[in-house]
Every structure is written in structure tokens, then in C-alpha cells.
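Structures for review follow.
Each of the next two complexes has subunit A plus one more chain, namely subunit B in the first and subunit C in the second.
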Partner chain A sequence: MSLLQRLYAPQAQEPGKGRLASAILLTVLAAIAILVPLLNLTVPADSAFHVPTYLVSLLGKYLCFAMLALSIDLIWGFCGILSLGHGAFFALGGYAMGMYMMRQIGDRGVYGNAELPDFMVFLNWKELPWYWYGFDFFPFAVVMALFVPGLLAFVFGWLTFRSRVSGVYLSIITQAMTYALMLAFFRNDMGFGGNNGLTDFKDLLGFDLQSDNTRAVLLASTCVALAGCYLMCRAIVASKLGRLIAAIRDDEARVRFLGYRVENFKLFVFVLSAMIAGLAGALYVPQVGIINPGEFAPANSIEAVIWVAIGGRGTLYGAIAGGVLVNYAKTVLTGVIPEVWLFALGGMFIAVTLFFPKGLVGSLPAAIDWVKRRIGKRNPPASSPLAEEPGQ
Partner chain B sequence: MSLRQWMRGGALRFLMVFWALAVLVPHSGASAAEDLGTLVTELGAASLSKKQAVVDRMVATGAPEVVPILEALVGRDLYTRKSDGVVVIGQKTSGGKLLLTDPLTGSEVGTVGSREVKRIKTNNRLRSSVKAVMGTLTLMSPDPQRRLEAADGLLKSSDQAMLPLIETALAKEADAAVKNALQLAKASIKLQSGSAEERLAAVQSLADRTDPESRVMLSRLLLKDGDVWREPDETVRETAGETLASMERRLEMWRTVEHLYQGISLGSVLLLAAMGLAITFGVMGVINMAHGEMVMLGAYTTFVIQEAFRSLAPGLFDWSLAVALPAAFLVSALVGIAMERGCIRFLYGRPLETLLATWGISLVLQQTVRSIFGPTNREVGAPEWMQGAMESVAGITLTYNRLWIILFSFCVLGAVLLVMKKTAFGLQMRAVTQNREMARAMGIPTGRVDAMTFGLGSGIAGIAGVALSQIDNVSPNLGQAYIVDSFMVVVFGGVGNLWGAFAGAMSLGIVNKLLEPWAGAVLGKILVLVAIILFIQKRPRGLFALRGRAVES
Partner chain C sequence: MNVTGRASYSESQLYVDGVTVSFDGFKALNNLSFVVEPGEMRAIIGPNGAGKTTMMDVITGKTKPDEGRVIFKGDIDLGKRDEAAVVALGIGRKFQRPSVFENHSVFDNLELAIKSDRSTFACLFDRLDADRKSKIESTLERIGLAGERDQMAGKLSHGQKQWLEIGMLLVQDPELLFLDEPVAGMTDAETEATVELLRDLRGERSIVVVEHDMAFVHALGVKVTVLHEGSVLAEGSMDQVQNDPHVIEVYLGR
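Showing the complex of A and B:
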């Protein structure tokens, strides 16, 4: 362990900065969780401090994406596994929650059938498929939102890590996985609503989804869940296990020679990450009101990777910042000039890989250092601000 | 059926049998025309009741000229000229006069007033019997298409009295399609009204066929009306059942052949798309997510070239693809080289970053094309020699454009193999792949080789775009549709090996198309993807893995 500690000391070198960033992040999350609902619900609509409801949902959506980014950072930033299929876990979690809310509609659907969701009536199905059993029950749906992505990740990871599929091969295979799932969910006879997906939700646990109160609570829960996941990831990467995971990222063969079962560690992180993505999906669906197979599109998963890259991988808080910022930019740009968004996104991919490999949070201190050096040339920093990029 | 109808039908049948026997007698065209001339004159002179007999004799000559005369008779356009009693065909002109033509030769013989000719009288009965005769006359028509129609008509009516006629026609028929239809009609008639032996023979005569009509015919024999078999004889039933089963087996085989063809065709498309990837990914180790966009650029180059041809030289349109090929290669190769020099070379050794950066480039390229050409599909035409299809037995069609693409992909594979193995550039390329430092030490300009290799891979993608534009929609998303599949081909076949790409593309294409009939297109594709994911577990380096040090680095 001492060898590893010495080798990977840079990772553990700056606990203070991580702690500061964590504190800022948690404070911001707490502020959002408390202030935004308050400003939305109690301040009158004509006040300057009023937060409109659409903004509440939008924020909730961003935070769900941030959680997805967090899950990708956990495996990519710390374990070096670039998954181009994390959108699949996200969507699976979303489908689990969507199925619960479909069951909640009951006989208020267009066809008024209490036994079957609308699309099944439309397809002339006579009875509920077995895999829909239990989704009337909220805790079951929540467990499934975690369990199904976890199980998929477990099976997939168990097969791939054991046969030492790694690097770009793994990336491409994860992409094929989400692509195959997308094709599957587009089929009507899968029983998940075909290309329309699941929508027209009415309420969650008996609370009307359209009401401001429910939306506020959903936002607050997303903040809490994100904070919880962040703390959990933080705890993991700071632990001995986290060191080992980082060691696997940097030199898998060496860790294996040291006697560790590399594939088991990778599998653990991969499954955990998939479950976080699933939870993010489960929180996402009630706030946007729809889940369809488009969420499985490979392009979505790659886009999520770029949030992490832009925010700064291997930091956790950077991924969260990236997830929120890129999606905010997307909202703004697609609203103003839709054609520009793809140029901007493409440009971000190129710029961040070529010029800012450490992302925003990695380059920010460097930029600050640079400014400081400009102002006071007396006190040059001792070390180069850009540390060696972890090799892949 | 009233007595009168029956009588007429009977007369008609008799007439046709008579005629059929008559045509057996060999005759020369000249003598027939001579006979016909006298007959036509007779027709003009005969009383209404005798006309039937004259028509019968005219038909019995079997001359093709009979058809227009009878048509004129039915259409009341047949006249006798009052001045000399010659029979003529008259057509009303705008001036109320009649344009006369000779019924035998069709040449004009002058224009006269309507009073100078006398219409040859007909009645309903004569007209309908003549119409019926004309229907069968077409069985001897020199035009195979009309014979085919007549034969199909016989199959539908399945009239026993037609049997001798069919036999006669069969003996003379040279055209395969008409013969086929006639045999079918014969079997159908025998099955409906022959003796048990004849029915058995008819069933056996169908044994070599696979067409739907004969299958319907046979399966009808195996039906029951209540408790009674439609076919009373058990041997016939059994034979019919066996024949039907063997037909289905053969049909199944042909379908498999068709699926194989489609599979090879899909495989060659995949091969074209994946070949460039096999070079950039396989040889250089660069994950080029913008590879699909290189294909798209090639397709759009084809579109632009074709537009230019349409407006500048429409007559040379068939040559547009010949110009589009090098143009697409150049466009894609130049974009590829620019990409490599401007971005990818800074990311060597960092495959995951390369993946992301090239994905970004692909988004930019897509959006650029969308901004210039619009988001909708663009129409790319096919030259004449690529249109159409080959029809074979059992209703299988093999389209020519796919055939050309199969041939084309093999040619491209051959050309790339030649470049890789036989040229100095190929040698340098392989040297850089195997050991970059050593290659540089030997004086190979590795940077330039990298750029050229990337250009070659991208250029091949552009060529693939030309081929794809012939079978797929040309839209900004064209590349996206192929990128996952192309990666699967390269990963499955093994990186760094063109033969691997070939084997991967063909097996993927064929398996996909063979799975399709029973699993459906989407499920088939999912199964293939899952199979590849599982396959990679067993052989993480693909079907044709590179061995040695280069792999480990």
C-alpha cells in the first residue's frame, strides 16, 4: 500500500481544496433545496424575487443531469472506465419510476381502464405483463429503479471485466449496449409503450404532479439525493478502496500483480455508478413528465460524458458543475439560436480535450495562478499548475 | 344457364377446338393472306346468318391479320365499297368523311363520303362470339405479352374444352413464361375435371414448380368440405401433400438464397463503411467517431456532383458516379487530413480523449452540412445501368444496385489491400503501426504517414458514401446510422486487419439478414449486438486478433 500511496500521492495531495469545494457544493445544494421552493411558493408572482414554477422544474432537471454526471465521474474520473452507455442506466431508472406513475393513473386514462395502461389497451393487450407486477407499489418501484440498472451493470461488468475488455473496446461495447436497448424499447411488443414511451402521468404518491408544491418537493428531494450521492462518492474515493480504484485507473496491470482482484473492484464501482444513474433517472422522470426510448440514444450518453469532461473529471464536484452548466448553456443556446447548439457542443468536445483536459475546475486554479503571476511577479508558484494528466 | 347461352357457349367451344386443330396444319404467311383475302370478300357478301361460318374460317387461317379485321367488324368499322364491292376498314374523319384502309395490309385506299360505302351488318350474337374468339386468338399472337395474358385468362376460367387448345399451344410455345402459364392452366383443368389418373399426373406435373398458384391449387386438394375430402382419391391427396411439402422446402431454400444475397449486400455496405475505420482504428489506434460523417460527406459530394451534371450536362448523367467517386474520396480525405493535423495528432496515446474530440468534430460536421443543405433528405439519382432488378424463380428479386455495391466493395477491398501490401506508402504505414520509434529512426516521416493514413481511411469512407447514396437516404444523419455497426464490425473482426473487417462485415450482414425473417428486423439487430457483446468476452481482441508486442502497448 505504501508504494501505491507514494505513486498516487498527487491524488490525495490536496484534501483542503476538495473539502472547500465540497462545502461550497453542499451549501449551494442546501440553498437551492430551501430557498427556491420558498421563493416559488411564498413570494407573490409579481415580486422580483419570485421563482417561476418552470424554473423549479428546470433546476430539478439540471440537478438530475448533474447526478448522472456524478455517476460517470465516479467510474471515468476515478476508475478510468469510459462508459458510453450510462444513459441506459439513467433511462432504466426513469422507466421504473415511469411504470409506477403509469400504474398511478389507474382508470383516469383515455380508455378508463383501471387494469391496463392506455398504450396496452390501444395495442389490444388483455392482461398486464408479469414484469409490470409490483409497480403499483412505490417502494418496489424505487428499489427497481436502483436494482435494474445495477443488475444490468453487474451482468455487463461481470462479463467484460473478467475477460479484461478495457479502454476503447469497453466504451464501444457500452455504446452498443445502450443502442441495443434503445432499439428494444422502441418496439411496441416490449410492453414499455414503444416510441411514445410513458407519459401523461397524473400524480406521485397521491400528490398532483402539476402542483407547485409537488414540484418544489421533487426539487428538494433531488438536492438531497444529489448531496447524499456526492457524500457517498466522496467517502468512497477518499477511502483505501478509493485509492485502489484510482490505482486501477493508472496502472491496472500493476495493481493486479500486487495481488488485487481488479475485476471485482471495477465491478463494484461500475454497479454503484449505474445505480446512481438509475436514481437520477427516477428523479428526472416525474419532473419532466415523460420517458421515452430516445433517452437510450448513444448520443445522449456521450453528451453526458462531455459534461464531466467540461466540469473536470476526477473531482466529483466538477462533474456536478459541468452537468448544470452545460445544460444551462444548452437551454439558453437552443432557445436563442438552435442551429448554434451543435456547433457549440462540438466545439466544447474539441476544446476541452485539446486545451482544458482538466476541465473547468481543473483549469480555474491554473487561470487564477496565471492572473496572480501577472499581477505580482514576485511570488511565482513553486510547481506547474497543470499536473500530469492521468494516462489512459 | 339458359339454353341459348349454352348453345352459344357450345358453338364457341367447338369453334375454338376447330381453330386449334386447324392451326396445326402448317401454312405459309403468303398463302394464308391470300386465303384471307377471299374470305374477307366473302364476309362482305355473306348474309348475316352465314357470317359466323366465314368468321370461323377466317380464324382457322391463324393469320395475325385476322385480329384487326375482326376488331373492325365488332367495332362496326368494316364496310364494303359500293363501287367495286371491296371490303375496307373505315374511320370517320373530322369532315364527316371516311378514311378507308385496306383490312389486310393496313394501307390507306382513299377518303370517301359515307354514302359511297355500306357497313357490313352484324348482330349482338355475332359480335359476342367474335369477341370470345378474339380472346383465344391472342394465344397465338406473336407478342409474348398477349399470349401470357391469354394463358392467365385460361387458368382463371379453367375450362375443360380448352384443353386441346392448350395442348396445341404448348407444343408450339417457345417463350418460357407463357409455357409456364399454359402448363399451369393445363394442370388446373385436369385437376378439376380429369380422371383420378389424370389428376395424379397433373399433381406430379406440378412437382417442379414453386409459384403461389400451383401451391394454392395443391393445398385446395387437401381441404375438406365438412367431412368430405374435396379430392376423393387418397393417392392423389397423398401425392399432393408430398409435392406441396417438397415445394415448400424448395421455396424455403430459395428464400434462404435471397436472404444470403441481402446479407452479403448488407455485409458489403458494412464493409465499405468499416474499411476506413479498420485503417484509422485498426492501424492507427485512433477512434474516429466522425467516421460516419466522412461517409456522409461522400454522399453529399455525390449529390453536389449529380446536381452539377443535371444542370450542365444532363446527357452524361450516367457518368456522374464516375466523377463522384474520386471527388468524394478527395473531399473526405482532405477533411480527414485536416482533422488529423488540426486535432487528433495532439491526442495520440489518449484514445478516450480522441473519442470525445472526434465526436465533437462529428457534431460540427453534421451541423455544417445541415446548415448548408438543410435537414431533409436529398435525392441522389441512380445511373441507368444500376436500376432494375434480376427476377428469378420463385419470385426472388435481386436488385442491380445492390449487386453493383457488392462488386464495388470487393474492388475497394482489393485496392486497399494492394495499397497496403504493394506500395511504399503501405510499407511505411505498416512500419509506423508496428513500431513508431523504430520507423522514425529509419527515416520514415511518421507525422506525414499518420496524416496520409488518416486521409486514406477517411477517403475510403467517402467512397462508401457514394455507394450508400445509391441505397440509403442522403441526410445529415446518414453517418450516425452506420457508426455503431461499423465499430461492431471492426471490433468483431479484430483490429488492424482488413480481412478481419471483411469477415466481420460479411458475418454480421449475413447473420442479421438470416435472423430477420423469424426474429424481425429490430429484434434481429438486437440479437446480433448482444451476440457481439458476448463474443467480445470470449475473444476480447476480435476474430482475427493481432498478436505480439504492438497489441500490448
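Showing the complex of A and C:
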């Protein structure tokens, strides 16, 4: 099997597994949500247990990436749709939240214009474009962070799935989609800040974004959102619909001839997945403080797919583990030897695809078995001395 | 050979009327006509390229006919419907290559196949009720896979996969069943068991079996339609067909 074929070959997880992993994941998320803010806010800065603020935001960022990975695993691992454009949905969600925070700046911008964001004043715009209406209002921005990615996914999916576009062709079109959006958002007259994007945010719902308290709450919210999305995805893949989308992944024609409209099922998971990605983007932007068209870069979407592949697709929790671990590795490696990172990422991707198609979490049980056997060999059980003797 | 007469038209299970399908000028089906009666079991044979698969594609909504009509139960035109709509009308199809869901258990394969609301949201909230469950269990008995109930379908033998796929059609409760080479690649014992299974189904619903294996068709002992170059070459009992000079010429004459 070629590398490419492997990417489209199903990686099914065995049913029943995952209860333990789910329990571990939810415990870890709860611990992060509670302990990290506590250690950041209440422990004095000179204590060994103090968690510095930059770490709080870094963790929050990783968890947003993990949520993006989760959304990709739902459609790739379970429905067999390899989207190489999920970064677009993430970025759109991010822009929706960014627009709200731009409006929150009010007259505190460089130009002190209460009506218009700085970049619009700079471009000599006289009034707010209609598509910025409503973004003064937080619930509206949250709804848009879900609705816009969902709508794009719906239109995109409706056109492609009905035409029965799949496999590599679909992946390439998703790349084109995110690339086209990147070019569009780079343009100043789109009204989203051009190549600078949206930044210089001051506060969210009136809370100062620079304060430790706000950052702690954002991290805890990300944990809760990720846990919620994970449980929702779990419920979906455990339902009859979940078994059906896995069946579509394995044999689409058979599902069609059982009388199901395959395109509707694909559309449902694709839209849902895009909305999760949008939510991840909306949580990401306040924690990193900027959103620009670079987030639409095709390479970003590919990177997110690599997290899922490395973590272990078709498991949900594997994607989350991959999103966090690979990004942690990225932080460490780019800090030490930045020029190596892309090679390391590419190398890991190829190695995992070829040798560990089940990814980290899928290969873990085998690895534990192997270690157990090694230990067993070193200390053979006393009860069976004959077993070790070569038969003569 | 044309099918005429209003009686067979309105009371038929399936009425294929002058269907022509061309692919880039090549006529895969050429004015094909035949009738399947309610409850009838029919065997369709023919050399490679005779149009057997295209015929099934047209009937099950995958391919649209260029000319002619396919009428189900006397008044339903299948030509305008897609695969899902055709299945909803009660037509099931087994593929040549056994296609079961290898990463699902045998039971789950039947659960996905069983007659139920096919809409997306219904599937999201669906819970298997007792009726459907007992129907799946009895079908498992019938296709001889009760012992493999919880096994992954991918672990079944080739013959067992074929039976599972037949079972997946049975739980859909179709009125008309298309079986494409149900005994291809089976051992003699498995073939025999399949003949038993199909004989058992006889009369319950209309079944069209497409086969290469002459011994198997003989063992079924049903009316045979011979296809050649996209149209019907001969029709009758296996003995009649085997002695037909046209059939002998096509099968042996070259």
C-alpha cells in the first residue's frame, strides 16, 4: 500500500475500547480546568508549584488545537473524509470572535474612533460594513462562530457529496477552499483587516484579556468546551448514525444500496465537524490575541491532519492526545532548533502512517505488551521452567 | 425477443421494457426486455459482457436507461429514481464481491440493513426495538450465522460473508431481490448450503439470481433467461435453454 492509499484506508477502533481512555481524558481535562488556574492564581510566584501565566495561555492554545484535531478525527477517522481544509473553519470561528473583540475596543484604539475599528479608519472608510453589524453583541458573535463555518461546510459538502466527489479529489478541493479564503482575507477591501488581521484586543465581555483571572477562565472554558465536544462526538459515534458513517467509510456503495442517502449523512458529520472547528477557533483567538489570514494557510490544515494521524485516528481521544503532544513537541523543538521542526513533523507523519497506522494511542497497548514480554523474558516465571527449554 | 400482452405488464413484479444503455457508443444493453412474476425465482446467465451488471445497475437506480422503461409492480417507473428510492420501494441487491461492513459485527451489519427509517436524524436517535431485534436473531439462524453473531464481519469466511449479505437483504424485507453470483468463490459444501437457503426463500419473494455457475443454476431448477450482447437470447427451463441452437452457438460456437 502506498503512503497515499494508507491515508484513505480505514483505521477502525475496536468497539468497547475507549471507556478507560474517555475516563482518563475527562479526568485530565477536569484537573487542568481546576488545578492550573488555582496554581496560577493562588500560589505565590516564587513557589515551585506556581504555574506561570504564559503556560496557562499555552495550555489553552494546545487544547484549542486538540479540539480542531477532534473535529478532523470525527470526519476522517469515522467517515473516511480526509479534509485538508479544516483550518478554514477554525479561522472563520476565530474571525467571528475577533470581530466581537474589535468592537469591544470602542474608542480605545489608536485613532480613538468609537464607530470604526482602527484599520477601517486607516483605510478611510466612513461607515461600518453591514456584515460587521451585530458583532457588538457577544451571543451573536458566538452563534456566528458556529454558524459561518457550518454554513460554509454545508454549501461545500452539498455540492461535493451530491456529485459523489470523494477521496483524493475531495481533499484537494478542501485545500483549494482554504487557500481561496486565505487570498480573500488578505485583501484589505474584504473588511477584515487585510494581512494584519484583527488584533490589539482589549477585553472580552468587559474582562481585561491581559489579566491572569481572564486567562484562567478562558483555559477552564476551553477544557469544558473540549470535554463537551468530546462527549458529543462519543455519543454520535456510538449511535446507529455513528455505525453508519463508519460503514460509509468502509463500503459506501453497500450503504447506498441499503437505501441510505449517503450524501446526507456525510453532510451532517461534515457540518458538525466544521462547527466544532469553528468553536475551537473562537476559543483560540482570545488566548493568542490575534487572528490573521495566515490561519487559512493550507499548511495549517495539513498540520492539523498530522496531529490526528500521530495521535491515532478513529479514536477521538487519540486526536486530542495528538493535538496536545505534537504542539508541545513543536514548542520545545522550535525553541531549541527551529529549522528542524518541519522535517521532524514530516518525518513523524510518514513514520506513523507507514509503521503505526493506529497512531500513538492505537500502538500503546502493543507497546505495553512488548515491554511486558521483555520483562517476562528477563525474569522467566519460576512455575514453568520447561517452557524455556528448547525441545530436543 | 419482445414481451407483449397487457396481462403480464400490469401484474408483473418487474417489467423491463426495451431498455437500451450506451457507454461511449457501445450498447451495454440493447432493447432488453423481460418480465419477472411475483414470487418467481429467475436465473439470468450470459457470458462476460452480456450486460448482466448493467441490467442490475439500471434496475437499482445506479444507471439511467437511454431508452425504454423499467416498471416495478405494474405502475412504478424505476427509471427516474436513485438507489435509495429504489431500495425504499422494496428492491434489494447483493453485489458480486461480498460487500459486508468488515469493521462491524455480524449483528451490527444486520442492524444497519434492517428495514427502518433511513433519515439522518432518525438514525442519530434510533434504538433497536424488540421486534427488529428478534427479526435479526431469526435471520441469523436462517443464514446459519447465529454462532458468529458478535464476530467482526471481516473475520468471516468468504462463504459466510456471502450469506451475511443475503441476510442483510432479507431483513430489509424486499419484494424483489437481485443476487449477483451468490456462489462465486464458494466451496462445494457452501454452494450446496446456498442452494438450500435460496430454495427455502422461494415463493416468499421474487428473486433474480445472476450466475456463471451452470451446475448451480441447474440445481436451482428455475426458469432461465440467457443474455447476450445486451439483449435476451433465449428463455425457458435450463434443459430447454441448453438445447437451444442460439445458446449453443454463443457459448460453444466460438
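Methods note: the second predicted complex is superposed on the first by the 356 of 392 C-alpha atoms of A that agree within 3 Å, B and C clash if a C-alpha of one lies under 4 Å from a C-alpha of the other, contacts with A are read in each partner's own complex, and residues count from 1 in each chain.
Simple rule for what comes next: a contact is a pair of C-beta atoms (placed from the backbone, for glycine too) under 8 Å apart; a residue touches a chain by one contact, two chains touch by 3 or more.
Note that the coordinates shown come from a computational prediction; the quantities given were computed from them, not determined experimentally.
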Review point. Of subunit B and subunit C, which one touches more residues of subunit A?
Key: B
Practice item. Return first, second, both or neither, reflecting whether A:Gln175 touches subunit B, subunit C, both chains, or no partner chain. Key: first
Check your understanding: Touch check for A:Leu354: first (subunit B), second (subunit C), both, or neither?
Key -> first
Exercise for review: State whether A:Val165 touches subunit B only (first), subunit C only (second), both chains, or neither.
Suggested key: first
Review point. Counting only touches as set out at the top, which of subunit B and subunit C does A:Gly259 meet: first, second, both, neither?
Key: second
Revision key, fill the gap. Subunit A positions within both the subunit B interface and the subunit C interface are none
Check your understanding: Any idea which subunit B residues touch subunit A in the complex?
Key -> 287, 289, 343, 346-347, 349-357, 359-364, 366-368, 370-371, 480, 484, 487-488, 491, 522-523, 525-526, 529-530, 532-534, 536-538, 540
**Study point:** Of all residues in subunit A, those that touch subunit B in their complex
**Key:** 76, 82, 156, 159-160, 162-165, 167-169, 171-173, 175-177, 179-180, 183-184, 186-187, 298-299, 302, 305-306, 309, 339, 342-343, 345-350, 352-354, 357, 389, 391-392
Revision key, fill the gap. In the complex, subunit C touches subunit A at residues 60, 83-84, 87-88, 92-93, 95, 99-105, 108, 111-113, 118-120, 123-126, 128, 168, 172
Review point. Mind pulling up the subunit A residues that touch subunit C in the complex?
Key: 10, 12, 15, 236, 239-241, 243-244, 246-247, 250-251, 253-261, 264-265, 268
